[in-house]
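Naming follows writing order (A, B and C), and every chain is counted from residue 1.
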């Protein structure tokens, strides 16, 4: 059985997502079994569109999803200038983009789990999230996997 | 002997505290031995009152404790509107509140350790912190427990 | 063989760096093999000067390095007043300063690795970083060490 790495992706920040997917793809490429458990703002990485509104959402959930768009930087965000600069720099220095890393992650069978508790609070269902989500579960499933993982990170 | 999970709760943010206590209570409910090591802003979760001033505090410690109140969101805090909305949404979607999770954690014997180094800098003693604190110790104690833990997280 | 602890230091914040180096020095003092993998804003801890500009940097990298100076607090930064107060308080309460902790870390042979991917994006080379860096490598090297570590943290 392969060694496991499990990442809780709590943050919806561009730079932290880059770190998470760089680690996930590198680990998967070296033969590890990698799971990413997307929770809270981390679910932003899985939203189909930036808005992800649905008819069944409460008004407050609609407001939350309206405001909770995009992937800021955890530092020097400067109203969006920071992430734009970072993307430019990554292109100029020929680094893989976040979108490329996420495609590679799927190609290497990195498992995506969406946290049902967070989805419940934010009013997000299967329709609002990408088809790449393998599973919708809660903390108990995370713990069962993390228990057997050599590397556990909260990002 | 039960498997262990150890969480360093460094952050004093409402959303991260929710994640920490959801994981802690779920792990403890499934029979794991869970320890939370509260350090820096994480100590806010243990303060008896929001102010926690004491006569022996230095002026700067009083200022720090006066400013360092409440539990903001790590994102979309909007001067406190964010946490208020999140609490409303959690109630509407029938999720356990942070206070409920913390009560459950204690009922399930999740161990609380307060970091003495942080307490020293911030001028916090036993009188300022909740009676639920099991122990006041430093990094060495954390490491001794974390070494034998299946899951270690820094939140 | 000694037990290992491996820390990814992603954050360039003063308070989180304090936590990382307190853990690293305490672990190393108790005989553990400690590695810190500096990535993204965490590289700020290794910059020779606050500016770290070089002739080979792209204009945008110069801008990024110009803006990305100093070590703010993750909370209550207050345009730099927060870190200044924290440093004052640490001195008054006779805590080791961040600089002291970093010196101790080196004396106790804590290994420093700088992430080549982040260095590439930010335009940082050996000349811009402190001589204390043991190695310049990527995520694969981190994973090889972390796999055998008893404690893995992302800070």
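Note that in this section a contact is a pair of C-beta atoms (placed from the backbone, for glycine too) under 8 Å apart; a residue touches a chain by one contact, two chains touch by 3 or more.
Quick caveat: nothing in here was measured; it's all calculated off a predicted structure.
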How would one label the connectivity among the chains shown: line, ring, star, complete, or other? complete
Residue numbers at the chain A-chain C contact, same meaning over half shared and different meaning under half, come out as different
Let me have the rounded angstrom distance from the C-alpha centre of chain A over to the C-alpha centre of chain C, please. 25
Using the touch definition from the top, which residues of chain C touch two or more other chains? 152-154
Given the complex with chain B, which residues does chain A contribute to the contact? 8, 10-12, 39-41, 58, 60-61, 63-64, 67-68, 72, 117, 120-123, 138-140, 142-143, 146-147, 149, 152-154
Spell out the part of chain C that touches chain B in their complex, as residue ranges. 3, 5, 15-16, 18-19, 22-23, 26-27, 30, 32, 74-76, 85-86, 88-90, 92-93, 95, 150-155
